[in-house]
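In what comes next, subunit A is part of two complexes: it sits with subunit B in the first one and with subunit C in the second one.
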Partner chain A sequence: MSFITVFRTFAVLLAIFAISMTGTPTKSFAKSKFVFANSSPYDTLDPHVIYDVGRVASRLNMYDGLMRWLDNPPKLTPWLAESYDISSDGKKYTFKLRKGSTFHDGSPVEAKDVVYSIERILALKKGAFSLFSKSLDPGSTKAPDAHTVVFNLKKPSSIFLATVPAIHVVNSDLLKSKEVNGDWGGVWLSKNEAGSGSFELTRYDPAIGFQAKRYANHFMGWGDKYLDEIEFRTVKEINSRVLGLMNGDFHGTDGYLPQDQVKRLAADDNMNVMEEESMRIFYSIIHNGRKPFDDVNLRKALSYAFDYDSFINNILSGSVARNPVPVPNNIWGNPKDEKGYTFDLEKAKEYLAKVKQPIPEITIGALTGYGQTEQAAALLQNGLSKIGVKSKIVSEPWSVASKKMRDEQQMYDLLWLWRSTYYADPNNWIGEMYACDQVGARNNSWYCDPEVDKLLMEARVEPDQAKRAANYKKAAKMVTDDAGGIFVYNTKWFGPYNKKVKGVRFSPIGNAQEMRWVHME
Partner chain B sequence: MILGLIIVAIAAPVLAPYPDDVTEFHPAERLMGPSVQHFFGTDRMGSDIFSRMLFGARITITIAVIAIGVSVLIGVPIGLLAGYYRNWVSDALMRVSDIFLAVPQIILAIAIAQTLGASIENVILALSATYWPFWARLVYAETRSALNEAYVEASIALGAKPLRVMVMHVLPNISSSIIVRTTIGMGGTILTAAALGFLGLGPPAPSPEWGRTIAESREFLPEAWWYATAPGIAIFLVVMGFNLLGDGLRDVLDPRTRRSTSD
Partner chain C sequence: MRTLVLVINRLLWFVPTLVGLMIITFTISHIIPADPVAFFAGENATNEQIEELRARYGFDKPLHIQLINYLIGVTQGDLGVSIYTQRPISEDLLSRLPATMELTFMAVLLSTVVGIPLGVIAAVYRNTMFDHVLRVITVSGLAIASFWLAILFQLLFAMELQITPLQGRIDGWGPEVITGFFLIDSIIAGDLDSFTNAAAHLVLPTLTLAFPAMATIMRFTRAGVLDAINSNYVLYEQAMGFPSRIIIWKYVLRNALIGTVTQIGLVFGILIAGTVVVEAVYDWPGLGLYAVEAILNSDYNAIMGFTLITGAFFIIINLIVDIIQGVIDPRN
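After this line comes the complex of A and B, so read on.
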């Protein structure tokens, strides 16, 4: 045996050893447990006081609604309801509940629980409240029998059905027994759970996250492949999430990591990065209500001063698609022929010259910890300096920015952020972002144009989707032409999962954080 | 080393290979490793990190010098007054500085910077407000011991006014301790300023402040290792430089050590 043969044999043995070390799991679970690393802390579990994407997992996994958004493109699917009926005047929605669904304490899910849930949302005035406050009065929802719920709307609403999934049904008997000083059981529910969802809470710590186990009696039943336990753990640092994924400590994390980290994960043999076109547009709010931003020429100058191409193709490595209007590209109601703005400093100067009012130093807001918003702000600042407009960047945490953006005086001149999907209807974007009745609530631009508003309001009551689409297309073109904001791109979702994880079902609502179909191999 | 820092800070526009890169970006060249064109590579916007480090030195020096200057201006008079008089004023002044010393500096600085908003001015304010008690304490103790010296007693016996005693007799004799404390304090201040920058409470993007650069770079670790390393080394060298300078000055200025070395 020559020296080389010995060496080769040794090398092969070493390689086999190395593969067996990394290839086989060192720990084996008797039960399958999925650990998700989440960037936002779960500071409350109450499904009616929060309505954001960062903390969606507690709502989707422990609670059910009458309807649910599934898959991509999102389809509105009956869930706790088995059927529904809309009256011809569009004001009466009757839902028939399926029989046999139970809460985690074994009691049946009944119509009175649905009524209690919507009354609770209307009384607490938090979370999804603003979706229902305009269409439902407290006390108007009725339960004629144990399996029928009737919503009586103040006026017809073509988006009501789309928002029904936000009514997470809670166990009314349980909550009433936990009520203290008319708080609708709020103190108790912030740390506990009263749902009927696919998983029931086993452990919760606001600083760590929550753990839940499979609820075997869930109405949907379970196949032979499922997860026994899930854990959603708060891990703020991106690097800790990525390293934890690569080490196998976590099995999944959010799908909106910086592109450089996505590349790193995609290159890892133990990882599987899923890709889906989401509905989450990145844009800059312009405070249209403040002088001199009420001048369309200045807003156009701002829109021409942003280097869209560099941002999308260099900074984000082309991982997103240009979305020039305030409606995502992949939903109906998007005007496909609208090209929007390009990076054109000559045009920017041209429009700037038409601005009569003096232009002060512009404050560009960005979100601390979201590098992209800071990079976009810096890129815009750079463009503005070339046309002779001074600006400063203010980077603040989301908790601060989200408060300021509801206050006309405190709001930044511009603010970079995303608009995620709360329900898959164009109203979720342009219909809220630029409607007069949402000013200061979900319209943080203080933009209120009578013509645009007329189109949006018609679309909100019109039942025919084709007619609504026409309105949204027209309104989107008008807002874009009016440079109501600086619209940049629509996000792609890059969900990084351990190779063992199967059955992930992505929907732009919830970003694949509903775990009932997931299992491990 | 410190001289180097000051030269770098003043001459940043001349020394930097890409002086415009503080506000100018080249996204096509982002996150490139160290090379001859870019000694420390490029950052997330494609700017030259080396050039930005040089300009970051300016911010650091400005923050440290002004913050320490203000701290000395507040701390020394308070220490002198409290040390010279032995009455309720002196007690009150020292208790106030005790309260400031009881709260960890960095926590207090974070609280102040967070309340006032992120900017260079507010970092300076936060650092000044939290650092002056060190000088007050030091000067107080030194003044107390100086008051027992024969030359002070003599000047008081000759009828000198309190102000004259403090400024003409006490201050010059305790100045060496103040200088040493100030030099060492510089290092600490720079470290705290970088920590505030790291936490997002320093000057906002796209400022090349060192702490903020390290915070930015976390997203790109470990691939873009140079991004965090360059400002890290810069902070390390400067803080160590000030500490060594402080040590050296103490050896030179302290009469006891000087005597022992010359013996």
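After this line comes the complex of A and C, so read on.
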């Protein structure tokens, strides 16, 4: 075969290819199909292995729990449970399951499935395990009958109820049949589902995402308007997600896009951008356990050296809400009257003068790829230079920072980051960020004040929410007065949706990714 | 016989090369002070939980023991389990391999089919306006960053002109998987809609990936043809009255292609690595996107698996290229 022949063949093939690619492919969405572009990959569907906000859609849409967080501010609502009872000593939680709930294979949801689900979480030690490891022993949860579940806690807990929605109930009979080498059906469940949720899995590809159809027999029933099908696809690039929305390829994406992209979408005729104040606070950890940061005067100087207004109004275009304490603005337990710190270099100098110990060059940590943390670090560095304090910025990936945060020696002097909502209780923030028993784990500032700790510990067991709120308010004021960290803002969620999409319900726990109320107009 | 010796020689080096590659990758990935277990367990995890998970995945052992265990596993066909997906790495890689291979093959095909003829034409019409224009194009192809070019293509072809899809591999989920190559699978299934849809989705990623490769091939071909054109045998053939079309495309090109074919082999490897960027922009569900996630998550086994598979492909492709080179070399 001569080269001329070879090239002719290639040319013909190329021509066929070129002809085939002309013209826009038809977008063949069913009338009630919703496509969501998600930044996090759905690399596993196992609801007991993951517990991050980025992949919440698979858990919320295909699984049910005894309770559910709904709306904003989040309300804890009975879901698979129709009622619950808490013993007077706060150690026994009894849930009555509603009758008629079924898994996607048609079998009934029973108490044994709830017991299996919590035992599975405790055995795998992944996902939401940390929420239950200190309160529940394996084998302590009982099912006295098919519709009653009793959680016997090791010690009284007022936050247990708030964490119950994290127990996604799996079909125990199905999973037991899929177990291999005592893996609790892990390999099978990473690619399949065993839930009773509003949608049942129809297709899954870890590289693409998942597709699910409406489960007509879901216990909540369906009104006149609903989605027949949902599809959550992984689209890593922000630009591709935004262009895809504008192009009509997707109907929604996550609500934490950069402001320039939010404005771009808001200006599009086919888009509707919803706005809600979320519960995700942005702050800087200060390493209270390291000298000279154990001196409150230095910490106050740092707090006065940060230009809050410039950061919020100029850099972030006012797209967030000032949140001066370690409890989100929109949850009970937030001290509304606490104003926190302002940018005041004179006061910063004043407090700096009171510091007796020599001040070394300060290491300000930021997270690579999270521009706001780097911007905040630079702004603080600028403020510090004006009061004569040297600092350097170290930006590292989250996989590196998350390791250093747990090591007292390796931890940065300061580190900018967010604290998200895992359960809507002040303990999720101040109760973990500043409790002595969380030092080196969820308390990465090595802050341990006996009085604050006493308030937090009382609040963890006190059943009366009003008394708990008082404790959290007082503790939040004390931590703020101690300048335990630099508290900047509470995030706002800007959910971009195609204008045809109606019925979106936002909750800070699910970020509006539960689709059972959504429909297409 | 010479070819057989070459193949045996290369195969003997195959294993040591891959072992060396794995040792280097293992060392580099572990030098980074990341903790995949703490990262995977999440910010709420207790320290006890992290330590237990670390032991479960063998990360508590000394590095050299981890490396030896990994190499032993590889000899048994076990590339380990991804800490994130909870699935065997081989399963994850195999599910994504066809997407990357389809894209890479198309990019190689396009860059070769376009690059070689343009290189020949540029050489024949050297120092003319045509040659200068091609030079500008090739320099641009080599200089422009792929991610930027990809976004420009998206804006122009998908958003402005609306003649190509924006991203993804196909609308929906594609034809039934037989080979994993959507173009082939849709033909086997007789599904013309899926074929055109998959082909349309291939356009922009292929163009982005092929552009710098095409520039390289074009420059190599041009240089090879110029070298050959000035040879005595070409002068002889011209004196014999052979039509210049025959001389160029039949005799000159065969000599000139020896260097170009070598370059195509290298380009193939570069393109596989290049998919990391292109797949990320176009959300192409292949190995590149998987590698990006693996690196961001410090998923050691996934990083090693990606490196191993791309390294193996690179070696195999270059072996094939060497064989082809031996076949087309007129001196053999």
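The criterion applied here is as follows: the second predicted complex is superposed on the first by the 487 of 521 C-alpha atoms of A that agree within 3 Å, B and C clash if a C-alpha of one lies under 4 Å from a C-alpha of the other, contacts with A are read in each partner's own complex, and residues count from 1 in each chain.
Here is the rule we go by: a contact is a pair of C-beta atoms (placed from the backbone, for glycine too) under 8 Å apart; a residue touches a chain by one contact, two chains touch by 3 or more.
The shown structure was predicted, so the numbers you read here are calculated from the model rather than taken from an experiment.
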Contacts of A:E237 with subunit B and subunit C, given as first, second, both or neither: both
Touched partner set for A:S395, first subunit B, second subunit C, both or neither: first
Partner chain(s) touched by A:R264 [first = subunit B, second = subunit C, both, neither]: first
Subunit B versus subunit C as contact partner of A:G371, first or second or both or neither: first
Subunit B versus subunit C as contact partner of A:G106, first or second or both or neither: neither
Touched partner set for A:R442, first subunit B, second subunit C, both or neither: second
Broader residue contact with subunit A after superposition on the shared chain, subunit B or subunit C: C
Touching partner for A:G221 - first (subunit B), second (subunit C), both, neither: neither
Contacts of A:P450 with subunit B and subunit C, given as first, second, both or neither: neither
First (subunit B), second (subunit C), both or neither touched by A:F311: first
Subunit A positions touched by subunit B in one structure and by subunit C in the second: 237, 239, 369, 397
Partner subunit A, residues of subunit B touching it in the complex: 23-25, 27-28, 30-31, 44-46, 117-118, 200, 204-206, 216, 218-221, 223-224
Residue numbers on subunit A that touch subunit B, as the complex places them: 237-239, 258, 260-261, 264, 307, 310-311, 314-315, 366, 368-369, 371, 374-375, 377-379, 381-382, 385, 392-397
Interface residues, subunit C side, partner subunit A - complex: 32-36, 38-50, 52-53, 82, 84-87, 92, 95-96, 99, 106, 109-110, 112-114, 116-117, 151, 154-155, 158-159, 162-169, 171-173, 195-197, 199-203, 249-250, 253-254, 257, 280-283, 285-286, 289-290, 292-293, 296-298
Subunit A residues touching subunit C - in the complex, by the definition given at the top: 2-4, 7, 10-11, 13-14, 17, 20-28, 41, 43-44, 46, 49, 51-52, 125-131, 133-134, 186-187, 190-191, 203, 205-208, 211, 233-237, 239-240, 243-244, 246-247, 249, 369, 397-400, 402-404, 406, 410, 422, 432, 440-442
